[in-house]
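Note that chain A is present in both complexes that follow, paired respectively with chain B and with chain C.
== the complex of A and B ==
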């Protein structure tokens, strides 16, 4: 979490308007889902990864660790797409070529889609994107709620880590039953302190004339049409190349 | 159990998003009204949302060796009620996608449906009916959290089965396949989450019944019992 948030705030493209990064990333994601994966996905994967590393200046290691996040899920789920179960004659497991094809297609599509997501989350701080939600009609109150949650997540996770360290130092996680108890106490404590924090925030804000709205200065960006066009052209290029590749292969 | 980015075919991703939207809209409407009536609600909900995120990011002690996380759906439904949980859960899931790369943008709808809608509603229903049957509080909290967790897992397996029906035995076979694969991690996880929720609820009832009173504006079967 730290790594993703850190690079989101410090990468080379940090000061670009979120639309310049978000629109191409989402378009590429949609393209990945809609076009035939066998030809599109490798191109998308390469394009998104190279842009993230050489464009935005994110280290390979960080990017790869983000891409590996869903690895457990894929490792558990993908093999079972390839295998087919038949109950007609008892319990029959068969490996079919169509199943293998489906597993392969799904795996590379998921990876390619993940690379688009990785680009987006590693280059754009969460708060930038949230401010755009206002444009699509999310109530201002709910947006403030989201921003408050974002702020408090870091406060609480620091507390959670400290608490966990203290518990571990006292052998709180040495056995399964102890672990469940320790984690439960930690959770209860965290919630209690979360409520306290909320009350203190409330008192502090009331003293400053809080009436239900937090006034903040939104950043003054101007989207650069040139960069947006360049991004979208890159996406279009990937789409065209994959179409051309698909025709060439068939 | 988050479905990863790009795993679902486009049609399914769109369909699950469409299925989740009415619940989210209703939740936004409710939460927005609550916040306008009592401005301090916003801070309380923010603290609770952040708490839900942190709790779900903590690694659970696991039996099978794979790393697993709590879902917190049961606890959320018990503390805030399912209609508020839909929005809080959606925000938490979106944060998990954007800060931890768990889940995905296109699969957010499907994940919201299993974790922020189906799980909490079942947990809430179980809690209410167990309370109606005069079951001891610890037992009803355990059942609510465990069954909420199991529901989440079964709904996810169902979503995967609908998206990838088995060539030989169809959707049913595929459903059994996916429940089977994830059972070794998910079944112990559900029990542990149930126990964990009981410990948390007991702690809160013992040490923060005052704070729980603050949650009164939400539909809360628990608080009435926590009142001295």
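== the complex of A and C ==
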């Protein structure tokens, strides 16, 4: 999470308008879901990953670790698609070609879709992404809440980390039973602190004239049509290539 | 004497639960002054500061702005907080937005300014605290000193007449302190009245025009820095040590009768020392 946030704020395309990154990424995602998967998904996967690494300058290692988490779920679930269980004649486990193809299609499609999202979250800070949400009409209250949570996650993860270190320094994690106890204490303490922090933040905001609305200046940059067009042309290229491949294969 | 800009009269505050934090306290804040509220930890300094822009309502006593008792209704509070800006000790209690620019824009937008005006205020405030280069940075990646300066900018952007700072130098290294005081000095020279709480006698001695010595919820003495900090009895009562620079100057024979002409900077005291050494040889 820290790594994702770090690259989102520092990658080469950090200053691009979120629409320039969001629209192509979402379009690519839609292509993956609409077009025949066996030809489209590998192209999308390759395209999204190469753009992330060579375009935005995200290290392979970070990209792969971001993709690894959902991959685990995929690996755990896929075998159940490949085999079919037949209860008619007792218990019969078979590996069918249809099942195998279904598993393959699902896996590659999911992976391709995830690579589009990985591109987006690694190149766009959450605060910029939220701007897109505002544009599609999510209420201001919800957006304020998202941004406040985003900010406080870092305040609390810092607290949690120093709290854990302080406990570890006093051997709070030296045995399993102690670890469980320490972790429970830490959790309880953080909860109390969260309440206290909320109260103090309210005082801090009231001192600056807070009256119930957290309004701040939106970022000022405008989308570059050239970059957006280039991105969408890339998406179109992937779509055409997929169609051409599909015709060639059939 | 001029009427104080902000005055505290007979202020008493009892926390819910019965803990008496402030007991009948008087304080005058005069226009264009740097006032240090000096006292040990737990003496009620922060509670007092929270009263100075209406975040706490006194149990007894009153606060006067330009000689008029202030009200606690919505409109009065807005007007009051526009004129008196408060900066908390812990910047994380104040910074809430994801980026520096957004956070600093919060106050100006609450004043009802347009986006363009607010943007201008943000730029100006960040420049005044010499953190303009951080404008696009996410708040959570700043260092403690940077957070502190951004928090001050967030209040400064509302252009208050009085800036109230709770322990502004706490947690900063000597470079950070120099940097911060430099920025505050510029604001002071531009006419902002500064009030800050501290337990650092040396800081108050070197930097404040006036000192109010605080102990157990009351002001023992308020007045010109050199006079108050030269008052051994008051310092003893409030369990503060006299400033080292003052003690050295006194040891060098710059006696108690010359308190107001005693140098208050390191450079001044060093010059005095060299002068005496040269005189002896």
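The rule is short, and it goes like this: the second predicted complex is superposed on the first by the 231 of 250 C-alpha atoms of A that agree within 3 Å, B and C clash if a C-alpha of one lies under 4 Å from a C-alpha of the other, contacts with A are read in each partner's own complex, and residues count from 1 in each chain.
To be clear about the criterion, a residue touches a chain if its C-beta (ideal position, glycine included) is under 8 Å from a C-beta of that chain, and two chains touch if they have at least 3 such contacts.
Model, not experiment: these values are computed from the prediction.
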Pick one for A:9: touches chain B only (first), chain C only (second), both, or neither. second
Which superposed partner A:127 touches (first chain B, second chain C, both, neither): second
Contact-wise, after the overlay, does A:109 reach chain B, chain C, both or neither (first, second, both, neither)? first
First (chain B), second (chain C), both or neither touched by A:148: both
Greater chain A contact set [chain C / chain B]: B
I'd like to know which partner A:211 touches here: chain B for first, chain C for second, both or neither. both
Applying the document's definition of touch, where does A:197 land relative to chain B and chain C: first, second, both, or neither? both
Where does A:96 make contact in the superposed view: on chain B (first), on chain C (second), on both, or on neither? first
The shared contact residues of chain A with chain B and chain C are 5, 126, 148, 150-151, 155, 197, 201, 205, 210-211
Within their complex, chain A touches chain B through residues 1, 4-5, 26, 29-30, 32-34, 66, 69-70, 72-74, 76-77, 80-81, 83-88, 92, 94, 96, 98-99, 102, 106, 109-114, 116-118, 120-121, 126, 129, 138-139, 141-142, 144-146, 148-153, 155-157, 160, 164, 173, 176, 179-181, 183-192, 194-199, 201-202, 205, 210-212
Could you please specify the touching residues of chain B with respect to chain A in the complex? 1-7, 9-10, 13, 28, 31-32, 35-36, 39-40, 42-51, 53-55, 57-58, 60-61, 63, 66-67, 75, 79, 87, 91-92, 95, 97-102, 104-106, 160, 164, 166-169, 173-174, 176-178, 181-182, 185, 192, 195-204, 207-208, 211, 214
Which bits of chain C are touching chain A when the two form their complex? 50, 53, 55, 74, 78, 81-82, 85-88, 90, 92-99, 101-103, 105-107, 109-111, 115, 118-119, 122, 137-141, 154-155, 158
Which part of chain A faces chain C closely enough to touch in the complex? 5, 9, 125-127, 147-148, 150-151, 154-155, 197, 200-201, 203-211, 214-220
